[in-house]
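Each in structure tokens, the structures are laid out below.
Both complexes below contain chain A, partnered by chain B and then by chain C.
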Partner chain A sequence: MEQYQPPDRTSWLTHDGSDTDVVVTSRVRLARNVAGIPFVSRCVPTDLRGVMELAEQSLLRESIAPGMTWVPLHQLSQLDRQVLVERHLISGQHAKGELPRAVAISNPDESLSVMVNEEDHLRIQIIRPGLALQDAFKRIDAVDDDIESRIDYAYHPQFGYLTACPTNVGTGIRLSVMLHLPGLKLANEIEKVRRAAQAMSLAVRGIYGEGSEASGDMYQISNQTTLGKSEHDLLDQFENQIIPQVIEYERVARRSLLEKRRVFLEDHVYRALGVLRNARLLKADEALALISHVRLGVALGLIEDVPVRTLNELILVSQPGHLQRTIGREMDQAERRIQRASLVRERLAPARPNGA
Partner chain B sequence: MEQYQPPDRTSWLTHDGSDTDVVVTSRVRLARNVAGIPFVSRCVPTDLRGVMELAEQSLLRESIAPGMTWVPLHQLSQLDRQVLVERHLISGQHAKGELPRAVAISNPDESLSVMVNEEDHLRIQIIRPGLALQDAFKRIDAVDDDIESRIDYAYHPQFGYLTACPTNVGTGIRLSVMLHLPGLKLANEIEKVRRAAQAMSLAVRGIYGEGSEASGDMYQISNQTTLGKSEHDLLDQFENQIIPQVIEYERVARRSLLEKRRVFLEDHVYRALGVLRNARLLKADEALALISHVRLGVALGLIEDVPVRTLNELILVSQPGHLQRTIGREMDQAERRIQRASLVRERLAPARPNGA
Partner chain C sequence: MPKCDMCDNEATVHEVIVRNGQRIERHLCEDHAKEAGVFTSQSFSAAGQVVKKVVMSQSGLAEQAQSSRSSCPDCGLSFAEFRQDGLLGCAKCYQAFADKLVSLLRRAHDGGDHHVGKVPKRAGTCFAKQERLTALRKQLKECVDLEQYEKAASIRDEIAEIESAPAERLHRSDSGEPAPSHRSSEEGEGD
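== the complex of A and B ==
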């Protein structure tokens, strides 16, 4: 059975980017289909294999990205698939099922990934740390052109790119920004974000997309429809209007907490650090919530000895799939709670004076 | 205004005693009244002053205890009275009111205290760390004889010592053992203790006597009536039957948790330590509850770098009166929470390697 070996330096974990106090990642995704082959839901296995061959040939090229890795999902263990979901490289839906499907990943930065035979034949994604939608769009546009020079896309002169789901028809683009909003959460003002997003027909979801809860005060804002809007209007709306507004809401909430309820805030973030450094049992959700509070403390300069990068890594490593891969074996939920706590304690251990 | 300066080395905080893993303190109290003077509730001020004079002369003697200190309560600030209540040297009732009343305290060990003009003219108390009722009784019996050689007690040949409340008539004795029962609490078996106590007509109360909740998993077991029972029967019942049985219940519960739910237990005690070492706001009740969990961890050898003495001191210093005395000024509740957390952090700070 194949394995996907996640690299150490995934680009969005590095935390080098714009507005990373609030914005964790920016993602741009394009939905594309191969002309002359039915949409995935209507494909027979021969069609799916045809798409796989075409994609493998077109994607594993230096001109797309150096180090592109081809991962045939249907040959992967459930655990490895889960790891890819947790890394935001494939969707939960793409992880399921045994029909021919794959993901091509740029290794080692994982910034580019292309799901093959998910809902559409190709779903191209660029992920970047911080607020970087324009940058991500430029990159994905180049990748898209490169692929299009080899694959004939299903395209309609009036509607644009044709996709399996009508909400993607047109540009086939989805912009998605993952925001860390603990200040608005603590101030009970998350509703403000939902209203602002709703007014612009945007979706607000949890850390793992549709149907997931907003664990760890992480919220994804993304567009719901594409038809009739140019990529540039959408990018402008996101990067220059909605996201800066939410960032400002969050920063105002944090500043206000810092000015008016400083001790409450310190108590909140230090208790979280104290529990993470001492717990012997940690559920995934609790870990996320506590890491979120510590992340807030670090962003506000209240906690100084914990790098944000460590916290971003812990968010990932706390997930069931990553935890099992890190420990090196499959574990039931009870054992995972023990190992999660142990791993978190180890990574957050306070630095000893004199380097001891 | 007078002040009572609590000594550094109160005997029951030292934690040197028998069964101190479960028993915090043993107390014996005698209720006595002066013959020929009405009970306190029917006294006129002249009577009260008469009792005060008589008591001061009789109690401040080397033969009673070295370093006896006379504290006229009606001249004390509310804060100082509260400190005495928290140290178990006077009752909450005795702290109230402006009529002539006092407490005589053996300084610096505070093991002997005599309340003057509480419900009875004299309420003599011996407090000892651990299970030491026989020992405490021997000591209080000698003190009682010494006082009786100077004061004519109200005594009835048939009923025994006469007291204001009929439940104390006879020997006037009350035995009281403060138990730390976190194991039974965690195992949901406190009801066992209540049933055992009820079967022997004993009262089970919280850390600060009648009406107080069992904060910090501390429970006081004491006799409710005295008439018709000799001191020796009562002592035997307490020290050789009921208390050893409760101690055994608690130890079995702890062992069982340690064997069957070790990680749960470790999680429980270490989280408590983590919160105490990191919180910036602590309510008195929460502090007690967390200290209780750490105390359990220390008793079971799970936590090694915290002395029980420090925890016993923190239980006391977390109380509102002591906290204000320690910080050196009166504070409202909000400020107390900040200072309590700060003081707890300081006292529980982990030892630095290399003595730094």
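== the complex of A and C ==
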């Protein structure tokens, strides 16, 4: 059985980036298919293996990224697959099934990942901490060119890059920005964001993508239009219009809470930290919601002894897959709640004065 | 099993040629098709087996025939199947269902129905050639319909000239292994 050992230093957990008080990560994804082979849903195993071989040869090269790791998912344990989903390196759909499929990941930063034989033959992704779409796009564009020097893509002059689902055809690009919006949530103004996004044909989703509820006040904004709008127009719309606007809404909401409802806000933040530092049982959703409030407290300077990086790590480690991986064995839900609480207590323990 | 016009082997290549408004059908085995210089298009589905293809050469009627067909000539997906799970079966599906897809694409993409943005370097140049061919084939059909055979002949010469220009890469793989190829630049395909 293959294994995936997540690296300790994952770049997108670092919190070094711009606007990280509100923006958690920026992601760019490209959907691509190999010319001359049917799309994945119409592939027989021979086709799938052919794509795997081609992808492995094309992706495991220094010019793509140093330290590319090839992970054959169909040979991976369910737990390891779940860990990859929680790290946003593969989709939930990609984790399922036993047909030949893989993900290639740049190690140790995990900033580049390529899903092989998901809905499309290739789904290339770059993930960066903070607001960094332009930077992520430049990188993915170069990776795309490099792959295309080895693989002929399915392309049509009218429809662009051809994808299995017509909703991705054209540029095949998806920009996704993960935003932490606790201020707007507390102020009951999330609807305002949804409306602004909808007016621009953008989707607002929860932390784990399609259909998922926003937990821990994390929201993903992504484009839905891929045909008839260039990559650069889309980037411009995101980086110069919609995202700065949402960041500004959130900051105004936070400032207003601080000025007008300070005690309410402080109670929220310190109560959350208190629960995390003392609870003996923690559900995953509950942990996320509390971590979100602590994160808000850190961003507003109310809490000074908790680094944001620790909070980002706790969000991951609270997920069922990571939790079981950290403890080193499979656990049922009841046991996970106990272990989650103890892990969170340990990592958030206040720094003790010298000699204590 | 249909037999080859030239021998007793199974015919895997079916050719339809329209000459001076007359329809001529030919059924050939792989070897005789090669000998006759008929280009076949192959795909790698069905466990590496070579899938039989209908090749409509030169006349440029392929496009019209395809769009009226209810299933994709390359992968066999029907439009009804596509409606069920929302996934197309292969690149050729876009051509086969182009008419029906356009309105769906406009709805999904805020009115967009034409690609704007990045063009892959190699496939991009291939398609410039392909677009020229598509335009010429359309003209050819119009000429045949209007019985302007002299003009049609000169268009056909031009098509032949473009088509015989050396291909950038090898487009065929007879071993059945999924070597990727530009479908687009395979001659006689009419896309």
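We take it that the second predicted complex is superposed on the first by the 354 of 356 C-alpha atoms of A that agree within 3 Å, B and C clash if a C-alpha of one lies under 4 Å from a C-alpha of the other, contacts with A are read in each partner's own complex, and residues count from 1 in each chain.
Here is the rule we go by: a contact is a pair of C-beta atoms (placed from the backbone, for glycine too) under 8 Å apart; a residue touches a chain by one contact, two chains touch by 3 or more.
Given the structure is predicted, the values throughout are model-derived calculations rather than measurements.
By the touch criterion defined above, A:V44 lies against chain C but remains apart from chain B after alignment on the C-alpha atoms of chain A. Legend: residue contacts after superposition of the two complexes on their common chain; A:P307 is shown touching neither chain B nor chain C.
By the document's definition of touching, of the two partners only chain C reaches A:G170; chain B does not. Of the two partner chains placed by superposition, only chain C is touched by A:A35; chain B is not. Ranking chain B and chain C by residues of chain A touched puts C first.
In the superposed model, A:G97 makes contact with neither chain B nor chain C.
Look at A:P66: by the touch rule set out above, it reaches neither chain B nor chain C.
Of the residues of chain A, not a single one touches chain B in one of the two structures and chain C in the other.
The touching residues of chain B, counted against chain A in their complex, run 263-264, 266-267, 270-271, 273-281, 338, 341, 352-354, 356. Contact residues of chain C toward chain A in the complex are 43-48, 74-75, 77, 85-91, 94-95, 101, 104-105, 108-124, 127, 130-131, 169, 177-184. Interface residues of chain A facing chain C in the complex, by the touch rule stated above, are 33-39, 41-47, 49-51, 54, 119, 141, 144-145, 148, 151-162, 164-167, 169-171, 173, 201, 224-233.
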